[in-house]
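Okay, so subunit A shows up in both of these, paired with subunit B first and subunit C after.
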Partner chain A sequence: MAIEALVREFEQVAANPQAQLKKYKEAGKKCIGVMPYYAPEELVYAAGMMPFGMWGSNKKTISRAKEYCATFYCTIAQLDLEMLLDGTMDLLDGVITPTICDTLRPMSQNIRVAMSEKLPCIFLAHPQYRKPEFGMKFCHDQYTHIRTELEKIKGSAIADADISEAIRVYNKSRAARRAFVKLASEHCDVITATKRAAVLKASWFMGKDEYTEKLEALNAELSALPVCNWKGTKVVTSGIICDNPTLLKIFEDNNIAIAADDVAHESRAFRVDADETGDPMTALCRQFAEQDYDVLLYDEASNKNRRGEFVAQMVKDSGAQGLVLFMQQFCDPEEMEYPYLKKALEAADVPHIKLGIDQQMRDFGQAATAIQAFADVLEMRK
Partner chain B sequence: MSIYTLGIDVGSTASKCVIIKDGAEITAKALIDVGAGTSGPARAIAAVLENAGMTKEDMAFVMATGYGRNSLDEIADGQMSELSCHARGAHFLFPEVHTVIDIGGQDVKVIEIEDGVMKNFAMNDKCAAGTGRFLDVMARVLEVRVQDLGDLAEKSTRVIGISSTCTVFAESEVISQLSMDTDKCDIIAGIHRSVAGRVTGLARRVGVREQVVMTGGVAQNRGIVKALSEELGCEIHTSPLTQYNGALGAALFAYAKATK
Partner chain C sequence: MAEEKKAKKTVSPGVLALRKVVEDVYADARTAKAEGKLVGWSSSKFPCELAEAFDLNVMYPENQAAGIAANRDGEIMCQAAEDLGFDNDICGYARISLAYAAGKRASRKVDFETGEYVMDPNSGKPLKDENGNVVIDEATGKPKKDPKTMQPYTVLDDIHEIAALPEGREKELRLAAIKPYRQMQMPQPDFVLCCNNICNCMTKWYENIARMCNIPLIMIDIPYNNTVEVHDSNVAYVRAQFDAAIRQLEEITGKKFDEKKFEQACANANRTAQNWLKVCDYLQYKPAPMSGFDLFNHMADVVTARGKVEAAEAFELLAQDLEENIRTGTSTLPFPEKYRVMFEGIPCWPKLPNLFKPLKENGVNVTAVVYAPAFGFVYNGLDEMARAYYKAPNSVCIEQGVAWREGICVDNKVDGVLVHYNRSCKPWSGYMAEMQRRFTKDLGIPCAGFDGDQADPRNFNEAQYTTRVQGLVEAMDAGIAAKEAK
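Right after this comes the complex of A and B.
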């Protein structure tokens, strides 16, 4: 299938998740909402159910969720609650609520209070200390809890063999997405910023077998093209999420391509694979333990500012000229980390801009000015 | 034969035009006190052409900038961000400039300049604090004209602290001070100090290097310039052309395009 047709399919999925949810339900699949971050989706897949990503919405206005949330509250989490309250996600058979940040912890309780009579709300507390044995044991206990709750929804046990198979399917998908990110940079004339985001976003709303098959087909088509001779500039994007097509179109208008990303909704979600051998539950816990360089996760060596250096190095390795940080409004972890990231970027002579965004943004005039000016700065440094 | 170029800066609250000759001399300028989405841009263009005694056809290149820069496709040959234009305009007026602080109607920008070229910048987030809009709101509450704020602040004998950075909360604070019969001049001085504090925080993100030049309509307010100078601990340079700085930069870029 031609590149345009494949990309269009991903764009349609990314633009209309609700239709996907309906499609899977009509096919007889049970669907489980999976909120950010790092929930072991493999367990949902192993249960024969469809994990359905919940990363807010660029189209909805927060209304009902305000009853539960303070004003200064991440819009992604608020919009997840909004979609549960307003019926958008009524077809879900359950929801997994991770609690990695200070917003998601109370939100998990809000969702439980608001929704528990309607659908099972599965609480997930990841360990802060991921790597020590006690952290691994805590994670194992939590993942076992998830497994047990999913088994209740399924109505039967989830076999270890099925979890192992799910790990293989997900590793294949993660590898395909990593390959796509590289190909998207090499062919940024074809895979523009909006297309890139749509392809990656679709992964949250498609069964991994179907998604990976289509993505591998797209990757094969892209691999057959000559690497483009890009005359514009390239950046690395960083932040929680940057999937708004209107915002990303500004990149295209200013000849800015995305060389790589440090975005939770994109590459941070598929950087690390799980071991395909041995006990699969332990493999999933180990996979979480090995997540690194993430602003949302505790770093035992944080005083060395390894994450800042990692991101600065990513810019250099990817061939980008600068970094655009999408600062999600009221995201404490990102805001608290910013001075350290800024310091590392400046030390590495990597220019950057910080754009304050949220999912209620409808006017992008100020962002357009900043992005255009940043393109000017990068051009002048060439 | 001389080359004339036109720069149009359509801001959120005003439309400004500048025509320059051979990239070196200002031929005409015009300003209309309404901006993007109004009749302001068309009126400003008509006015500047009339002032120059010229027509659009006499312009070798027309460059649009400012918040409404994308709405001028019919007349403009190109468009650029106002940050680049403010940097260029300020460097034309002050060749030794290293930092530009532009306070416009709805945003604040701090630009670092090296050898006349924009090297780095910072903008305020989605918040009116520290902008021209903030001063408009305060002037309305105080029942004074915004252009009189600078003169009134000079009469202050005791600067009143306005602690809120949020425009809405700051307005409440001002109303509270008025209800306590606090002298308006002292409140205005406090408002200027509040704006200066906010802008200084932004400026320090970029790094402040002299010469520091302030552009935009708010630079006409001597009270703000004085408060900012005290907060930053350095002299702030302004020009009588401060409101035209973005349009001037656009006209200079237009000249570069026309002669490329």
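Right after this comes the complex of A and C.
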């Protein structure tokens, strides 16, 4: 298939997750909503069910969720609740609610209460001590709980062999996405910012086997093209999510391409693979243990600025001229780490801008002005 | 009126003792620092017993931030943090603490020529003549200020900037100008103790301090709990962390863990908790022998000194005072108690008088606060200690949260609930709407919510608050009338 046709398919999926949910349900699959962050989706896949990413929505307005929370919560969490309340996600058979930030903690309770008669809610609390044995053990207990709850929905046990197989499928998918991110930078004339986002976003709403097959085909097509002679500039994106096509279009209009990302909804979700040998549950815990450089994760070397420096280095290695931070409104984990990210970027002489965004934003005038001005800064850095 | 004033001014021996305990904790830490000993900073619900076993001096940034906010310096410190890049969305305690950790201080404006403080003409109380009448300034038509009560302008300073100055007059004056109250004179940390049971914001807040000051961080991670029971898996996870924390503390201090001291600290903490609960339980009396707002002040002792015998004793003394109040039919409440409410959340420290005013006007006493059960935990042995620390205000599931609150609402006979939607505290405010519905459903009492912030005065709207209190009072009237009619 031609590049455009493949990209269009991903775009359609990304633009209409609900149609995907319907499609999988009609095919007889049970679907499990998976809220951010770091839920072991592999277990859902191993259960023969479809994990369905829940990252808010760019098209909805918060209304019913107001019965549960005040205004000062990020739109991702509020819109997830909204979609559960307003029937958008009625086809789900369960939802996994991780609790790694202060918004997701009470939200897990609101969702459980609001869905008590509708949907099983599977609770997940990750340990912040990830590497020590006691942290691994706790993670193992948590993941076992998820497995048990999924088994109840499935109606039978999940075999270890199926989890191992799921890990292989997911590793392959992660590798393909990492390769795509590189190729998207090399061929940023073809894979523009909006297209890149759509391709990566689609992964949350497609079975990973099917998704990977398509993505590998796209990667092959892209690899066959000569590396583009990009006349514009490049940035690294950072933040929780930046999938709004209208916003990303402004980057295209200013000839800014995305060289790499430090985004939770994108690369942070597929940086680390799980071990394909040995006990698969332990492999999943080990995978979480190896997650790093994330505003949501405790850093045992806390008096160092490892995460800030990692991101600054990423900008250098990727050949970008600067960084754009998409600051999700009311996201205190991101806000808390901004000063030290800024420090590391400044020390590495990397220019950056911080764009305040949320998913209910409909007017991008201010963002457009900021991006335009930043484009000039980037131009001088080429 | 005269009586009211008197009631306010008499400070009982128990209250004096409690104040002294906190004063001493701060003073001891300043002395320790001056002597070159280690001083740590700790989150409020870190297991203090561990630090006590090493005789460490520990300060509590949340208590400090509350004090700074109550001293009206919350805004300048929050602003300082925002200027460092911390978003104004972040918890006010964290912002104040991060600004302080970075070396920022609220200071008095000095005239370097004269060496005197520059007074703010807008500060101070109205001047009164010999008959007690307010003196009006003829030029402006406004009340004149009493020069004796005027305060210098508050300015922001930075201890690192001051340290970099050459020795001399400016350096001396600027150092001396830093506000003298204890929370603005807290020593900088040599290590930090973080327990994220109350919120996850803690984790990165303390990491930031560790980075700013280049010091070790000792972390106790308590993941959120979805069930009323604390499972063995969770206990094992926390227990193992206690062991790791002990090893880290041994390294930092170069001392061996002193089991005897640890046991003593545990005994003290238990005794403090029991006496704290005993004090809180005096609010069950109708009318109550104290204003529930007093508890907010006494919390400082539970936070900063619960592992110390002095705190346990001071609460015992306070219990005696309250017993005496019961006997004599008096109360620290400066008005007759007409209604009884639970106050949900942390108070807005910079606005305490404003919070109190409509309550006083309407005869509303706060007779229940959730800190009573939240800090009144008693345990036996390390496993139980891990379980106890697992149950913090924002680490428990909604059922446990509701049970705590409904328990004290019933025991303390409240007529209604006043809910602070605290802009600073996401984990706390995040399930309050549902809790409110449950209080009304389960207990048949009215609830009213208002928007505020524990530390940043910019987020409190007095007009809204007054209206909500009014609404609550009307609803309580209706509720009480309905009960009587039955």
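Definition applied: the second predicted complex is superposed on the first by the 382 of 382 C-alpha atoms of A that agree within 3 Å, B and C clash if a C-alpha of one lies under 4 Å from a C-alpha of the other, contacts with A are read in each partner's own complex, and residues count from 1 in each chain.
By definition in this document, contacts are C-beta pairs under 8 Å (C-beta built on N, C-alpha and C of every residue); 3 or more make two chains touch, one makes a residue touch a chain.
Quick caveat, the model's predicted, so the values are computed rather than measured.
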Task: Partner chain in contact with A:K60 - subunit B first, subunit C second, else both or neither - done: neither
TODO: Considering only touches as defined above, state whether A:K29 meets subunit B (first), subunit C (second), both or neither.
DONE: neither
Task: Partner chain(s) touched by A:D376 [first = subunit B, second = subunit C, both, neither] - done: first
Open item on the list: Touch test for A:Q366: subunit B only (first), subunit C only (second), both, or neither?
Closed with: first
Open item on the list: Quick one: is A:K118 in contact with subunit B, with subunit C, with both, or with neither? Answer first, second, both or neither.
Closed with: neither
- [ ] Please work out whether A:P351 is in contact with subunit B alone, subunit C alone, both, or neither, and reply first, second, both or neither.
- [x] first
- [ ] Between subunit B and subunit C, point out the one touching more subunit A residues.
- [x] C
- [ ] Answer with first, second, both or neither: which of subunit B and subunit C does A:Y298 touch in the superposed model?
- [x] second
Open item on the list: For A:R178, using the defined touch cut-off, is the partner it touches subunit B, subunit C, both, or neither? Pick first, second, both or neither.
Closed with: neither
Task: First, second, both or neither for A:Q109, with subunit B first and subunit C second - done: second
Task: Contact set on subunit C toward subunit A in their complex - done: 84-87, 89-91, 94, 196, 199-201, 203-208, 210-211, 213-217, 219, 221, 223-226, 233-234, 236-237, 240-241, 244, 394, 397-398, 421, 423, 426-427, 429-434, 451
Open item on the list: Help me check something: in the complex, which residues belonging to subunit B touch subunit A?
Closed with: 67, 70, 80-84, 107, 117-121, 123, 125-126
TODO: Can you check the complex and tell me which residues of subunit A touch subunit C?
DONE: 67-70, 72-73, 99-103, 105-110, 112-113, 123, 125-129, 132-135, 137-138, 141, 295, 298-300, 302-305, 327, 329-330, 332-333, 335-340, 342
Open item on the list: Which stretch or stretches of subunit A touch subunit B in the complex?
Closed with: 351, 353, 356, 361, 365-366, 368-370, 372-374, 376-377, 380
